[in-house]
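These are the structures, in structure tokens.
Each of the two complexes below includes chain A, the first together with chain B, the second together with chain C.
Then we have the complex of A and B:
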């Protein structure tokens, strides 16, 4: 470079003449990014507006929002003051939505992988090119191997429309959602089998006399109106019982904290029920009226004395008795929490059955403080893709005649195994929509193996999560703040308040930036290219909303005028137990040769020198989904590993030491974390917040921060009834670094 | 739509006007080089103009780098597209995509659509400019360069200098340094060097 030349001198030189022709050619062709408009005095764009209609999806709870928007730019999120659910409150993650929206790492354009899966090299391509590739590749796979050769891994409200398209219209049975097979599906099926009720988290904690939590760490696990109910219950004097090997936030508020041996909760539940039955401290009339197979049940759990459970659970007899008596004294107004993420040991159906039976035994259904289904608004129209006659052909679960109490979709492990082995048929196309399978599904090597053998992998997401490194085509989705795709309904959270219902359709608070598109548009375009153009049910997300709302005589405009939420009179949710049956003994389960009464199935203890790896939520993240959020990662940058203080002394570890984790199979954590030395965890377990240890370098705020617990879950357990994964059967030791 | 063309160079006018027209075209070229190289025909023009400009400046080393690249890749837009994507959009296997937005480098929060974006957008408007229909934030480097081209073309040097001093230079140095750490690609290294040369403060 000529050092002494200045810009001004250069422009005066004659030498520029040589460049003038090409420069002017460029200028002549160029379309400027700015256009002349009337001059605007500074300050004219300073009117901050409140935009209504937001529905949060930093987690699945979907609190209602308003956005403070200035000049198209979202400045702040607040709870919608009209909300009878979360009200004006949002949790930290909800507030952090702004930083998600403007995270520079977010996906912005369609990308094509011109490198290798796992080691991608991306090229930005046009939507047309991306959609043409997706349509062509997916169609080729379906034409060659049939619809069943596609595997679909969806998550969240953005994925419902694509999931329905592939499952119903294209017809693949190989659809697996993490909410079912790595989270709550076991719970739902166990409760449906026992009480014919899908419980969600519908326990009336606000009006309970006892709140009973098994592993639920409310307070760290935050869903705003749920936590409101929990805190209101405590404020009103409810007693709190917490079974948890760790001194969780909930344990710190508990009247009785039971630091139970991990994996033995079912034994304790059986002993409590046996004690209640033997001492006639249960809801006798209720059981007589609603119970099915009670005698077989009572007989079958007789072996579970307090003493036996005490030895198994490493809990004093007196404490189990204390818990049982407390429940009996306060029945039926006891909130036996069904949990949410319950895929722990691969025997979880039985534990959830035990919880449902305990609920029935105490008569805690449909009464104040019990399991109470809210009565929300009815009439919204469900818009759906038409179902092909061949839909569902090649159902792996049916073919193998297993997991008869599975939640909707196909157990993930069956799909993965079939894809890797090619048996009973090839699975060659994969569509991943809003799910980071690297951190949702245990056995990362197997997931990668499955993807490596695919002919085509499509990922759609808002962030470049770890799984997106394995995509051939990566599409940028709109976030929940930029689209219309879900209608949240419900009731006021405290059933002792005036009964009301709400309908809150998600409305975009800001325009989508860059080239992001909503999933309805994307799927419709792919469908056209696959030859399903004539089956498209709606042309746009707005039309989808309009049609759904038509069923209740509402429009988006009307609801916007009403402040983003439509409120209407509600119904009393209590009572209505006439048709209720409690299957203490399930003939249906018996028919399929599963234990027909809740049964304790012991889990393997930690090998010498190892501790069980437990994981859970931090209030600042929804696992990997929010991990790259600049505001949230700033507040909770790593996931320290909780180690019992006595163990730490034995291992020579001090608070703050840096460690690597190594599991029973010799798998080492890729990254390190620090040690949190505490008496608040049992000696036989360690604990991590889940969702850390991102490996994709494009997640620049979170890459390599903390440890990815899923990477250490290499021993795979499968719940026989549901086919869901169990993820707490792995053990680790800590290796000090540096 | 703002356009400059060679007619300006030869048309009657003061030297200052002619120089302004040249500078406007140079800013336009640099803006175009900082856009995603979508249009294949345009890419050929851009890289040719870039080379001519570098030669006119007497930057032999840079010219050689560009010539080598032209010879190797024959100015293939595919190569540029992949490099642009890796450097400015998403680069999964390397640690440093450098988002070409001022707010990411100038604001403490390092987010898109930050306070800096808003201030830059306001400045455009106060000068009588608005974004054409683009879905990019107002502080993308190519929009800033296009805006500079427009101001210079109109001979609004004081506002141009004010923009450079208040909005452009405060983030560009960091941005350029990060890009230099992240890429060895001659087209982008030379483009950034050119931008630096044509935007830096002169006494």
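Then we have the complex of A and C:
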């Protein structure tokens, strides 16, 4: 009733305060009948329920959350006050999870593509029909060509269960995760080869005297507890050294910024190490005790004088020396950061090896400020699909005898090549789960070619993305706020605090909306239809969590009662270097004919008139994953291209000009962006935030906004040791539009 | 008591969490912001390169220019000191400065959305949510409240709570012991300029001269906005007249007479 709608407002605001006139007679109506009660939001703390047990997955750091829920609607996410990791803090993306949850563009129902791949027409179908199609098609392909004819591209915690099913039980070796082959796999393998330690980003920055970042743009790349450690270190007086062609967020906080020529970092690292050795400014006793092949190493890098590196890196001799001396003066309490996204040039294994060797040379392992592995809780049970005897048959990498230091899975390029050529065998089925391959993997035309020749493409995701346009069947996944699928564990982030461990199982904060289903249910249903019903390890996500937690004597209910996080006493992570070996010279690498000491492999310089295309993170997005989030895209609507101010003058470009980017192969960006003129980038490079330039019109908040850097990465480099992609060997020029 | 917010730009990493948490806390429509982070630079300064941030919000100024321009007819409002219980009755329009805690607040019920306060603020801290326009108003003014409803419950402002860098220090600038006051001792300053001296209680601290130079140069307003109070007043009258016309239409002549009686008695009334 209009009367009721406007009554309160009328009484409060009407200049005729007709309180004594009977309301029935004061049938006052505004001309349109629209008088709104002002929407004064009461705040997330009023009349809400605090739901515990959230574990974020806006990125993969997985901060612990609580949700403020009113009438079943999530209003706000906050850091869980019980957390000894992120605490009550979240980043912008973590806070933005609410807008992801209710993004109207999200996938809601199972969809069938009745159009073409790449130009989809979606028809809503039932789960039964969708699962029947998936089961039938995938089984047909496996029956006809074998398990190896399936290619699996998973990402994130949602994808672990399906990945295990297809890799272990169905048995395909063709599984490729972007976190390994387009991000950090190279790093982990190089460190394992050098130190037998998978480093993650476990440098004790909070207690370091020097923090040494090679290209890591902390601050633009945000992981909450990691940044807390970094800031704590700076607050405690750590000196920050940043190598970056760009004056990044980290460079702006640095004591020494080295605007190094892109692609030459390994040369500088070798020169630093050579200088330290020649001047006996390294951890002599440590190296004596733990070093392997040190003499060959020292001999092998002798050619790397400061002068030679200075010329190669375009950095003054004095600055390289200054950095080396700073490291020596503060060793072993130096945090040589291993980096995160490190697939840059296709020679990245060698750079990561050099970083690991520098860490060893300074004795910076297991000590305050060094590379320190936290001692997290043990005993959680890993629930897994049973491994078929035939699993792994047809491993392309093994067949070609390449990339011997590869991270788990198969290098993406080998799968793509085999699928396109049909050699050595056909790859006809594709399962893409939580990954947008269009914006993850360089060489988009080749990805599309691969998909076009498939007999069946299944995508599961929470959002439509550029890759879901290529699906035959598209399934709507629950987001991380609507399910139980991961147990985050760890320790307090500052090792100088009381040692504690935590176990935080992800619990749903709200019920799944529409017809979204969790990945455990979806995979089990597909497995049944493919004839693997008897192999199913758990019937539900809740059961998976329960079984996992059984290993440590906990239950979801108990942890919920404890506030969503179980905290227990921890252990001192320092020390424990007894068995440590530092392979300065790696016999293993030598056996496979790779450079056995860290070796600088130069990259092609930009052709005349072009600049190297560099890309990185904005703190507002996790690549393209979060790009359609209404709150986040509103904050950072496009990705302006950073251009050096002197270059801009030469090119006649002004700040704010609209440009298209064209690469060395003549590939043009589909969309445009604006120019950001700044002295904060070298003249030989330009820089973009990664993840923009969405082409899928179903992403209504982000479509066509900014430029897709991946579309311009057409020249593909492959790291020989790991098989990972290198993505910074492409060059662009800017063409003014309008 | 005088609430203030110090932002330590040495600590800030520019993550924008403050902006997004505020959106969630107060259900701020996507296209509006009660607070913001501007990424500044990298730019050259007389002290070298700087790449820093301007996390901005309402400064709850000592002489807020947004308050006197409000054309809404004043009413008596009794305010209470949250600590002592002491009360004061003031005549206020639809926006005012709290005599006890120094914050500047808005009455969303009485706001007519004319935009005078928005136009008066040299920091662009206010917006008009035109989605809330109806027959009585053009929308509603809105801005940061320093999260007073949260503070009343013993909580930190939402932006302060979520800040991973602990770069936002909220507190009583009248209390010399507060961390915020200690930042003032250390040199935290407001974004002021010769022409804009309205006592902002939002203050900025940075130890690097380059960063402070870039922040002040890019973000301290250089002049006070000129606001047409006449236009705002006319708008207020127009809306009131329109409403009266509507009401008269429905009530008829007798009603209008009653209305007039009540209207003239209102000052003493409630």
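Assume the second predicted complex is superposed on the first by the 691 of 738 C-alpha atoms of A that agree within 3 Å, B and C clash if a C-alpha of one lies under 4 Å from a C-alpha of the other, contacts with A are read in each partner's own complex, and residues count from 1 in each chain.
What we mean here is this: contacts are C-beta pairs under 8 Å (C-beta built on N, C-alpha and C of every residue); 3 or more make two chains touch, one makes a residue touch a chain.
Since we're looking at a predicted model, the values are computed, not measured.
*Asks:* Once chain A of both complexes is superposed, is A:103 in touch with chain B (first), chain C (second), both, or neither?
*Replies:* first
*Asks:* Identify the partner contact of A:124: answer first if only chain B is touched, second if only chain C is, both if each is, neither if none is.
*Replies:* It touches chain B, and chain C stays clear.
*Asks:* Could you look at A:513 and tell me whether it touches chain B, chain C, both or neither (first, second, both, neither)?
*Replies:* After superposition on chain A, A:513 lies in contact with chain B alone.
*Asks:* Mind working out whether A:71 is in touch with chain B, chain C, both or neither, as first, second, both or neither?
*Replies:* first
*Asks:* Thinking of the overlay built on chain A, is A:40 touched by chain B (first), by chain C (second), by both, or by neither?
*Replies:* So A:40 meets both chain B and chain C here.
*Asks:* Touching A:219 in the superposition: chain B (first), chain C (second), both, neither?
*Replies:* After superposition on chain A, A:219 lies in contact with chain C alone.
*Asks:* By the touch definition at the top of the document, which applies to A:630: first (chain B), second (chain C), both, or neither?
*Replies:* In the superposition, A:630 touches chain B and chain C alike.
*Asks:* Give one of first, second, both or neither to describe whether A:89 is in contact with chain B, with chain C, with both, or with none.
*Replies:* Only chain C; A:89 stays clear of chain B.
*Asks:* Do any residues of chain A touch both chain B and chain C, and if so, which are they?
*Replies:* Residues 12-13, 15-18, 21, 25-32, 34-36, 38-42, 44-45, 99, 630, which sit in both footprints.
*Asks:* Going by the contact rule at the top, pick out the chain A residues touching chain B in the complex.
*Replies:* Chain A reaches chain B through residues 1-2, 5-8, 10-13, 15-42, 44-45, 70-71, 73-74, 99, 101-109, 111, 114-115, 119-124, 126, 464, 468-469, 474, 511-515, 630, 696-698, 700, 703.
*Asks:* Considering the complex alone, what residue numbers of chain A touch chain C?
*Replies:* 9, 12-18, 21, 25-32, 34-36, 38-46, 75-79, 86, 88-96, 98-99, 218-220, 222, 224, 227-228, 231, 235, 247-249, 251-253, 619-620, 630-632, 634-636, 678-681
*Asks:* Give every residue of chain C touching chain A within the complex, in rising order.
*Replies:* Contacts found on chain C: 10-11, 13-17, 19-21, 23-28, 30-31, 37, 41-44, 49-52, 108-111, 132, 134-136, 140, 147, 149-150, 153, 155, 158, 161-165, 211, 240, 242-244, 246-247, 250-251, 255, 258-260, 262-263, 266, 269-270.
*Asks:* In the complex formed with chain A, which residues of chain B make contact?
*Replies:* The contact residues of chain B facing chain A are 1-6, 8-9, 15, 19, 22-26, 28-29, 31-32, 36, 38, 42, 45-46, 48-49, 52-53, 55-59, 61-62, 78, 81-82, 84-86, 89-95, 97, 99, 101, 104, 109-114, 117-118, 121-122, 124-132, 134-137, 140, 142-143, 146-147, 149-150, 193, 197-198, 200, 202.
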